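What follows are several structures.
Here subunit A shows up in two complexes: once beside subunit B, once beside subunit C.
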Partner chain A sequence: MHMRTHYRFSNLLLYMLAALIASACLLPFWMVVASSLTSEDSLIRHGYTLWPRQFSATAYHYIIAAGRIIRGYRISFAITIIGTFLSLLCTTALAYAALSRKWWWTRHISFFVLVTILFNGGMVPWYLVCTKILFLQDTLWALIIPYLVNPWFFFLARNYFKTLPEALMESARIDGATDMTIFTRIMLPMAVPMLAALGLFIALNYWNDWWLSLMLVEKDYLLPIQLLLRRMESNMTMLYQLASIPGMSNAQRPPAYGVRMATVVLTVGPIVFLYPFLQRFFITGITVGSIKG
Partner chain B sequence: MQYAQYNDQSRLSMARFYNSLRAQSWLIVLGVPGLLFFLFFAYLPMAGLIIAFQDFNHARHVFDGPFVGLANFRFLHSPDFSQAVFNTIFLNTCFIVTGLVCQVGLALLLNEIRLRWFRRVTQSTTLLPYFISWVVVAMMARGLFASAPTPGLLVQFQKLLGQVPISWYTRGSLWVSILIFANIWKWIGYGSVIYLAAIVGIDPELYEAARVDGASRWQRIRYITIPMLKPTISILTLLAVGRIFYGDFLMIYGMVGDNGLLLPRTDVIDTYVYRALRIYGDIGMASAAGLLQAVMGFGTIICANLFIRRIHPDGALF
Partner chain C sequence: MRKGLIVTLVLSVMICVVAPVIMAKAAPVELTVYLPGDPPAKPDAVWDLINKELEREIGVSKVNFNFVPWSDLKAKLSVKLIAGEGDIFFDAPWNNLNQMLAKGAYAPLDALLQKYGGSVLKGMPQPYWDNNAAKLDGVTYGIPININIANYSVWGYRLDLAKKYGMKTPLKSLADLEQYLTLLAKNNPEMVPFTINNNSSIWHNYFRRQVAYGEMGPNAAMGYVLDQKTCKVLPFWEYPNFYKDLATIRRWYKAGLIEQDILSQKDDKALWAAGYLGILINDPGYSQTIHLPGVEIGGLKILTPPQKGFVDYAAWNFACIRKDSKNKVQAMKFLNWIHRSQANYDLLHYGISGKDWIPVGAHTFRYPEGYDPAVNYQFPWYVLGGDVIHHRLSADLSKEDLALTLECMDAKNFIPSRLAGFVFDAEPSKTEIAMCQVLEPKVQPYFDGVVDQSDGLAGVIQQYKDAGYLKIIAEMQKQADAFLASKH
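So, the complex of A and B:
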């Protein structure tokens, strides 16, 4: 009996600890939502809160009416959708090609990609290639192309393709199917779980990216919402610019701190919203991708 | 007679060549985008490493520039760079150690939780920070640590207790703890998913045998779970150590930004190179630092991989 209560007590402790850790992970999210719905006055005087002292949705009103932040939102959506689609295509296509042992060049693709993990040229040559050779600066493609094929994702796709039955491909080939037919009609449909997980990771990469726009884009109409958020955080004037409603007098300043929090909510919103539905894919993706290395 | 034979031979080999080209035409279509990608974004920049040894000027072409040998490497003497290198290694080491302890700890904790729904909810919530970008985390950090004009939660809490609140954004020494804590917060869910998956793979008979022998929960963890986790821990740790010279630019620059007061303790090689490139326009120095980082990184990754091969051959990259 004594063992039992001790066991139950330590069990309770463990549950409480788990609940504590989970709350600590959730707390910042909660704070951000609550602060975004607090009036600017209350924010400045009392600070960030876990429950709005003075409820006010003005920040959101400013964001929607001002439009510049919404534009950033649209850019983020565009690059995520286009980027994920193209990236999945290019990555899986290369992974399929890498499996062919028949031709001299396909046999060395994996090594070719592996080297890029081990060694790189650094920030400067990459920047010079993007701007001086590919002329990507200030284009929408600057935010999409540099992330098209991630070597880790390439290996993930290649390893998954390897587990698909070779005999199936062989018999299709004997029946006269071309590589493209095998790839599109057999491999891709069979790889849907992997594609789902991979697609989610790629989409997450594109959505959260602010590196590409930081380095390659100056035009403010091409900036994704992450970079807008970054500029808002470091630069108050930028914030006023982004949130000011056109045609409004300069005397009426937008609620800066509320707007920042509201933009965070908008940025994180889609992820948190889709999260319960997609969580399973992410977890399988993480375990498969990482244990295999 | 001999000329006729030569023509037949060459025609045959040309025909063979075109036939093979046709046979692999779709493969070429499939493979070329990816290969071009790596050619431009990975291999061409490698060739650009030569800039580190040149006096680069935007107007000139890359290979025109005067060769100045090691002149660009002057920055190696600067205390700022040594500080950046130290910070990179120090911060990364802290991240690896604390991350490992917390992630394995959470995985062990989750493994002991019997209620399925509770475990799933905890796993979901702890995984959530993984999905947001560091810019968002930086905003959240302000919500906790900012002093003025809008006091963050921690600052309010301290005021409530009657203390003089700490000024987090002006004291660099505190930022090491903030960064470590932020890193733990962000990766604890992700890492625990991996370790938990490894734990679930442990043969339950071992636990049964231990239970029969009267082992307590903690003894089971110490003598079964943790030893069985050693391969996974080793691989992940070694992979992380292989990247010890690469600072997490997005994290550091996202959280610290251009705050000069925090630079001495939070500047890493990547932010140093970024500043040299974008703010000072010192291309030569930035390239030289980048080259150094790539070479050191290459060395450590190779060594780390050789280690992994000895412990757990499946986990190595090559």
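So, the complex of A and C:
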């Protein structure tokens, strides 16, 4: 009897603590959503509130009217899906090659990749490589290729592959399997948790990116949603600060505070919807690449 | 057989020699221009017209306007410059201009201006070229962009409310303003009578300028030169009427005419736009730029007449040409095209006459019914091409506003500052400046009337002195004197 009440009480305490932490995480996000649906007037006068004092979807109307959002979403989805697939392929293939002992130089691939973490030519050489050597400017590939192999993810994949039993590969090789067969039919299926976690990280990288399109793309129709929203936000903030814009009356002034919140919702929305489906991979995959018992 | 071979050989050699020449002549020249901000909505109709004219007149088949978000301006433009792309660049002293000049990234423009840029030179008054901040060692590297001589700011107030309270409008003095604020605080308690963003202060932006305008004094060092004869640099507590003005501000604050929470105010413009603010500082053109639907805006000029403000002819923005651009001549010709005639200027900046804008006389314009900046063309003058003689004023300016705007475009309403062109080199005093910047939040409550000056202002001033503020003043004086001596 005693044990059960004690158990229930400490359980209650733990639940309360968890609820507190959960609400601390949820509340800011809730406030963002609520503020994005509040009228600009109310935001200026009363600030951000938990429940909109005055419902209004003007922020969203403004973004959709002025921002070419649908096209931006299309580009963002395209580069995320294609980019994640290709990046997973390239990263895991490189990790496999780095562990191969076929030739004398394959042992040094890891070091080669390590050097790129430590040293870096800078922004201008990177830009010159992308435009003058690879001719990526104004193409969709400009938004995909620079992020194909990330050294941190390479090491993650390599370490995970290292934990897979070497004997299995040996026996497959003895049975006459080529490298391609071992890679695609043995290693990748065994590495599914790692692939899921890695895929999520890479997808987030591609989804959140605005730097590549800022630097390499001038054509409007190739801009992902992140850059479109960033551009809108930055220019709107600037217009607010500039003293005189002939012809720009207050009636046409964009709803700045609401738009800021609405851009957060539009940017994070798809990812939030995706997370519940990938959650189980995420939890197991976080420890991937660490010591295996 | 041999003859045929020889003929073929000769022909192919001829083609190899002639073809590149023909190709070079036929290759269309495209200019790339990098500008900050948002691209105009639906610009293709206007830009096609511009490209057609340019093709006909100067042989440029297309001008690519590339707009870069303000927040990424520095990063993107410097990469493009160094990587060797683009022809015309927007730059400014507050952006990358000084670094790029030091790197030698821009082309010298003197010869190009003399030969191809006659209209460009005519567009800006000569003092702008003499005091050009984009000059290094006497060589011009940038074209200044501005549309007037200087700006007189105004106390923008709600004319409709002033009329409602039965005041005699337009307001003419600080006493009138005080009465306006008192009546506003009494009759409209839901409004904030007077406030300002907390990155500035009431004394600094309003009362200080009531005494003198455009006086030299970089904000970071807070030293001021008012007397043009002696060019003596003053610390802020020696500014004329300093203590008297602080007392006035304190009185306004205690009477509730200044927002009690002024030190945490972040967005006075938004408050005004929502109709909750009684006074907002603005520039000529205020009757349009801080326009509220159905409401009249009045503006009392900051600077007690008949005083005149000082002007240093320093433009904020410049247009530069990249040093290794292959199209330098065409770039200068394009810039010249913009300034050559009113029609060209209008086409670039306002769009298609009748559709995007309606001309009203030679120097004013109006937007047509249903004008929407999200759909109609509008090109900002301050990023490219704005000049003093072609700029059109809005026909909808109030009478008061128009008078002020015209006043700001006439050089005889300003006193040329003897220190025009002087740039204070903050490097020798950067430690003291850093220490003084830490003290700014300490002195701001006094500037906003939140704390009475008898309650510790002397102590804060002493702290400034201890931080080396007077050393900065001495350094400014030294550099200013050296500048004046070198001018003679």
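Just so it is clear, the second predicted complex is superposed on the first by the 200 of 293 C-alpha atoms of A that agree within 3 Å, B and C clash if a C-alpha of one lies under 4 Å from a C-alpha of the other, contacts with A are read in each partner's own complex, and residues count from 1 in each chain.
Following the convention adopted for this analysis, a contact is a pair of C-beta atoms (placed from the backbone, for glycine too) under 8 Å apart; a residue touches a chain by one contact, two chains touch by 3 or more.
It should be emphasised that the depicted structure is a prediction, and the values quoted were computed from it without experimental measurement.
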Which superposed partner A:Glu218 touches (first subunit B, second subunit C, both, neither): second
Which of subunit B and subunit C A:Ala196 touches, first, second, both or neither: neither
First (subunit B), second (subunit C), both or neither touched by A:Met238: second
Which superposed partner A:Arg230 touches (first subunit B, second subunit C, both, neither): both
First, second, both or neither for A:Leu140, with subunit B first and subunit C second: neither
Partner chain in contact with A:Ala172 - subunit B first, subunit C second, else both or neither: neither
First (subunit B), second (subunit C), both or neither touched by A:Ile44: both
Which superposed partner A:Ile70 touches (first subunit B, second subunit C, both, neither): neither
Subunit B versus subunit C as contact partner of A:Ala78, first or second or both or neither: neither
Partner touching more residues of subunit A, whether subunit B or subunit C: B
Where subunit A meets both subunit C and subunit B, residue numbers: 44, 123-124, 127-128, 215, 230, 234, 257
Partner subunit B, residues of subunit A touching it in the complex: 7, 10-11, 14-15, 17-19, 21-26, 28-29, 31-32, 35, 43-44, 46-50, 89-91, 93-94, 96-98, 100, 102-103, 105-106, 109, 112-130, 133-134, 145-146, 148-149, 151, 154, 178-180, 183, 204, 208-211, 215, 226-227, 229-230, 233-234, 257, 260-261, 264, 267-268, 271-272, 275-276, 279, 282-283, 286-287, 290-291, 293
Contact set on subunit B toward subunit A in their complex: 20, 24, 26-27, 29-31, 33-35, 37-38, 40-49, 51, 62, 106, 109-110, 112-115, 118-119, 121-129, 131-133, 135-140, 142-144, 146, 149-153, 155-156, 185, 188-190, 193-194, 197-198, 217, 232, 235-236, 239, 249-250, 254, 257-258, 270, 273-274, 277-278, 283, 286-287, 289-291, 293-294, 297-298, 301-302, 314-318
Residue ranges of subunit A touching subunit C (in the complex, touch as defined): 40-41, 44-45, 65-66, 123-124, 127-128, 131-132, 214-215, 218, 220, 230-232, 234-235, 237-238, 240, 242-253, 256-257
Footprint of subunit A on subunit C - complex, ascending: 36-39, 64, 66, 68-72, 75-76, 79, 82-83, 85, 151, 267, 269-274, 276, 282-286, 288-293, 367, 371-374, 378, 380-382, 393-394
